[in-house]
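Have a look at these structures, which come just after this line.
In the two complexes below, chain A is the common chain; its partner is chain B in one and chain C in the other.
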Partner chain A sequence: MFLLLPFDSLIVNLLGISLTVLFTLLLVFIIVPAVFGVSFGIRKLYMKTLLKIFAWATLRMERGAKEKNHQLYKPYTNGIIAKDPTSLEEEIKEIRQSGSNKALDKTPEFELSDIFYFCRKGMETIMDDEVTKRFSAEELESWNLLSRTNYNFQYISLRLTILWGLGVLIRYCFLLPLRIALAFTGISLLVVGTTMVGYLPNGRFKEFLSKHVHLMCYRICVRALTAIITYHNRKNRPRNGGICVANHTSPIDVIILASDGYYAMVGQVHGGLMGVIQRAMVKACPHVWFERSEVKDRHLVAKRLTEHVQDKSKLPILIFPEGTCINNTSVMMFKKGSFEIGATVYPVAIKYDPQFGDAFWNSSKYGMVTYLLRMMTSWAIVCSVWYLPPMTREKDEDAVQFANRVKSAIARQGGLVDLLWDGGLKREKVKDTFKEEQQKLYSKMIVGNHEDRSRS
Partner chain B sequence: MGPRSSHIALIPDVDQIRNETGFSEASLLRLYGRFQTLDRNKKGFLSRTDLQQIGALAVNPLGDRIIDSFFLDGSQQVDFAGFARVLAHFRPVDEEEAATRDPKDPEPLNSRMNKLRFAFQLYDLDRDGKISRNEMLQVLRLMVGVQVTDEQLESITDRTVQEADEDGDGAVSFLEFTKSLEKMNIEQKMSIRILK
Partner chain C sequence: MGATHSASEEVRELEGKTGFSSDQIEQLHRRFKQLSGDQPTIRKENFNNVPDLELNPIRSKIVRAFFDNRNLRKGPSGLADEINFEDFLTIMSYFRPIDTTLGEEQVELSRKEKLRFLFHMYDSDSDGRITLEEYRNVVEELLSGNPHIEKESARSIADGAMMEAASVCVGQMEPDQVYEGITFEDFLKIWQGIDIETKMHVRFLNMETIALCH
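Our next item is the complex of A and B:
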């Protein structure tokens, strides 16, 4: 046993040294291009290889299911039930006509059969509604070798299990440490860099340095997540004095947008690590951070934002008007606050490809740390970013209509469903005002006629 | 989110549910997935609050009555079997199935009679088998909110009860209800088709 000791320590030492050297080389290989904003195209190659493997994996699972003669669970992308898009009036008229004993020209006031409309509509929403499914991760058509997206555990063959095991090894033992190292580097550089730039006197040089420090660090963070981003229409990128609005899927949205443009962030002051980062960032260039108490005061928020956009030397503000994370299959109601300010709005649509890693942050299920860990153990984060042409509020539009117009443009570009529902439904019940709309429509049908009759 | 267990055998009492409701294996898988999505705290059953969270149901004027139909015998929870049983009323009628049915078997949940009975229940608040004038008034009030005056609503109620009431007891029994809707294509209007 004593003879082994010197051997042991030699081998261990060699191993340790070679691993460290390899690791550092890799880091340098990734960080240097990030600093200069160039890319070797390695991530795209990685993506293509993965796609081929996923297709193979899904085929094997289908074969496995067929052998056992069972139903394979297939996600329902178009909804679980067949729906007819008819209005309340049309439906009720149809129901009445189909069962009416009376002559058709005399429109009755109320029929017992009217209840069928509300009954069926209600049941349809219990079976499938547009909103509930937006707050959980999107389901995938083919399996991507992550156990978190597998719905058909029973049909995995031995070969597939080995492949999956290999995937786990690569993701947790190679990619994860690498990514954590990169993230650590990126964040430290951001804090140190912006603090240092903060000591410089205000002027062109400071601005130049600040911009590049920010961009460089965000680019390193992008590589820390292995994010493969395709930017479209970069000529429409937001300019000073404008507001950039985008649909919200996760906190990563910020990193994705900020690595391609220089923005002023808006947000609440946090404690801990976030707080350190916030305080450092604001030294280099003016971001808009609100105290907790200030966030409730809408006038104060609006005033500070207006002041910021009116100063043309300040950067475009980055805002997510949905107010909460949605699962990237739809866009929900935009809060009108940012649209009342009167600045030019630069809409941006972000669409993630969930095949390589689902970026959606289900905050009721996962905390921030768990979420980041999940992100860093996925294969990659693949997304497309579209910069849409700038929009301004028209004379006869109010803030809500303007917000909806911008929302539709973003939904259309990103291929997302445009919903009028409030993202706040994730946690709260819907307001009663919407029920009144339905009641009004129905009342017109049963009482509107009554008034006509009494007149004649 | 898909079902946490996607195999049909992992649904509790699946064979019994299949016999009672007549749903296919694929449909039950989907409904079970939906049940699990609505059951946010993974309790294994749904409470009223779980159903009230559905935005589109909360804006339905009869939303509360529909939710009540899941909790019939005073219980505050509904398990998957109960959930499926209520939804089975809305299964489209299969002509072939109806023709080949053994008359000795109990009537399927999605028969015309049972669909009518379900709708009747929405009106019959105290479940005494009759829709009294007062109950009709209350349900109508739910459907119109504050948009219609008391007098208008009362005259509508009186007229409706009068037309349907045959034995003159001032209330609409289930038979009278059925009779007034005998020409209605209930099978189509009270059916929801689940996609494959």
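Our next item is the complex of A and C:
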């Protein structure tokens, strides 16, 4: 029994030493650079290594599959139906003309065949529709050694399985605790830092300090997610008195944008940890937090935002007009509220590279904590941020047209599909005004003919 | 689906019954799961999740067609409460392109099946005739989106169209003869010689030609 004692203390010593070493490494390589905003380039090196490994893995699978004569890639599944781009009128005329026993100059008013068009269109949408596709995660074309993205790959050899196992070990036992430690550090520094800055009297020193506390903590959080971000066109960054709008894929978007610029946040007051963070942040600089009851009142929201924007000493507001998280293959309809205020709009496009980790938050499938765990056990989060030149509303444009113009610019820059549909369709049904459009078009055709005939 | 062995047997069985290829069946199965929320059956409410369908003026008739016992080949009338994947495929198979290589009899049969599907859409009370009321109902639904059309115009359009259909089927009618309704034979007569097949099918992409190119 006595032999165990020195053995025990040896283990304790080893543990103590390794923890100290780890902590020092953490401090030197991650936290200190974050504080000063410099980078050693470790993350970029990491990314390059990972890419090489993924390419090797995919090559191995292809070779293995060829040897065994298996089919490696499932057919491209972006849609199964060839949809014709003809309009409603053309198609119905075609259908009617194929009824050859009617003279072509007499346009019949209504025919049994008109129902064909709508019937077929209905069937096509039941089989495959544009909107629902946007709310499920994007499918990858090469495997990134995460089993959660293994939709398309069926053939995996022993070597690859070992590699995958190694990957799991690294991600869960090394990267995850590291990231959690960093996240913890980042958030607590944010809360403590902003509260302390809040005690200072208002003035330039307070602003300076507040800006740097915010930036520093966001940079630590960025490293906590191993996010490798490339910023383009930084000269177009938002200025005071403007509104920054961006497309929304996940809650991480906030951290990504805020680590490169100093913004005023807009949002609902939450309880719990989020609430603590929000209350601390607002002590250091004026963010715009709304009570749950105030969110419904659009005029109140617009008024507060306008007041904030008109005060030139206040920071640019950060807003995500889609209203919900989209899977980063397209941009959905922007809600017009933020475009009615009349301030300069600075559009920002964010595009994630899904090869390293899918950042899309499918809130109907995963809660916030599950989502964050998934993020922290992915390899990395790689994204590009483009700052677009500022836009203002023109004299003859209304808010909706302005919103659409901004949306197209963002979609074009980020290489995303520009959809007319409303992100709210994730949870609600189509608005009645949209439903009536097609019906109006068809009935105009029929009634137009009817009236012509009765007049002649 | 269960173990891979029985799954491919199921797929082969479905291939035989409905005529879809195994790739298409797999695709449609994914779509089925998406619509049903991973349940084994679909109910009418599940079709509310397709936003594009809301734009269609006859969506209620289309959704109804999925549950119609006559289309499901389960009985002469009535509606099922829920359908499973095989039923889903049966309805979808009405919209497959007609395989012209199968021989004239088969082609004629497929054509009749498609027209019968349409006939069932019009004939909502399953009595085998499309009456004036049912016809009016369809026209009203098709024109329902436009608030400026009064019911009277919709009615007169329907009446006019019905008259034309009657003239094709029965020839000249006596002034006091009542036209009971369009039977399925009359319906077929209207479409004789007219190529409706190209309009009554959904063009599936040929899966083999769209392999990934790396």
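General remarks:
In the analysis below, the second predicted complex is superposed on the first by the 418 of 456 C-alpha atoms of A that agree within 3 Å, B and C clash if a C-alpha of one lies under 4 Å from a C-alpha of the other, contacts with A are read in each partner's own complex, and residues count from 1 in each chain.
Here is the rule we go by: contacts are C-beta pairs under 8 Å (C-beta built on N, C-alpha and C of every residue); 3 or more make two chains touch, one makes a residue touch a chain.
Not measured: the values here are computed from a predicted model.
Once both complexes are superposed on chain A, the partners chain B and chain C clash.
Looking at the shared chain after the overlay, A:122 reaches both chain B and chain C. In the superposition on chain A, contact of A:208 is made with neither chain B nor chain C.
Of the two partner chains placed by superposition, A:172 touches none, neither chain B nor chain C. Shared contact residues of chain A, touching chain B in one structure and chain C in the other: 73, 75-76, 79-82, 95, 98-101, 109-116, 118-132, 136, 421, 425, 429-430, 434-440, 442-444, 446-447, 450. Those residues of chain B that touch chain A in the complex are listed here as 1-3, 6-8, 25-26, 29-31, 33-34, 37-38, 40, 51-63, 66, 87, 90, 118-119, 122-123, 139-140, 143-148, 152, 156, 159-160, 164, 172, 177, 180-181, 183-186, 188-195. The residues of chain C lying in touch with chain A in their complex are 23-24, 27-28, 30-31, 34-35, 47-59, 62, 92, 95, 118, 121-122, 138-139, 142-149, 153, 156-158, 160-161, 164-165, 187, 190, 193-196, 198-205, 207-208, 210-212, 214. Considering their complex, residues 70-71, 73, 75-76, 78-82, 95, 98-101, 109-116, 118-133, 136-137, 139, 151-154, 364, 421, 425, 429-430, 434-440, 442-444, 446-447, 450 of chain A touch chain B. Residues of chain A that touch chain C in their complex: 73, 75-77, 79-82, 84, 94-95, 98-101, 108-132, 136, 141-142, 421, 425, 429-430, 434-440, 442-444, 446-447, 450.
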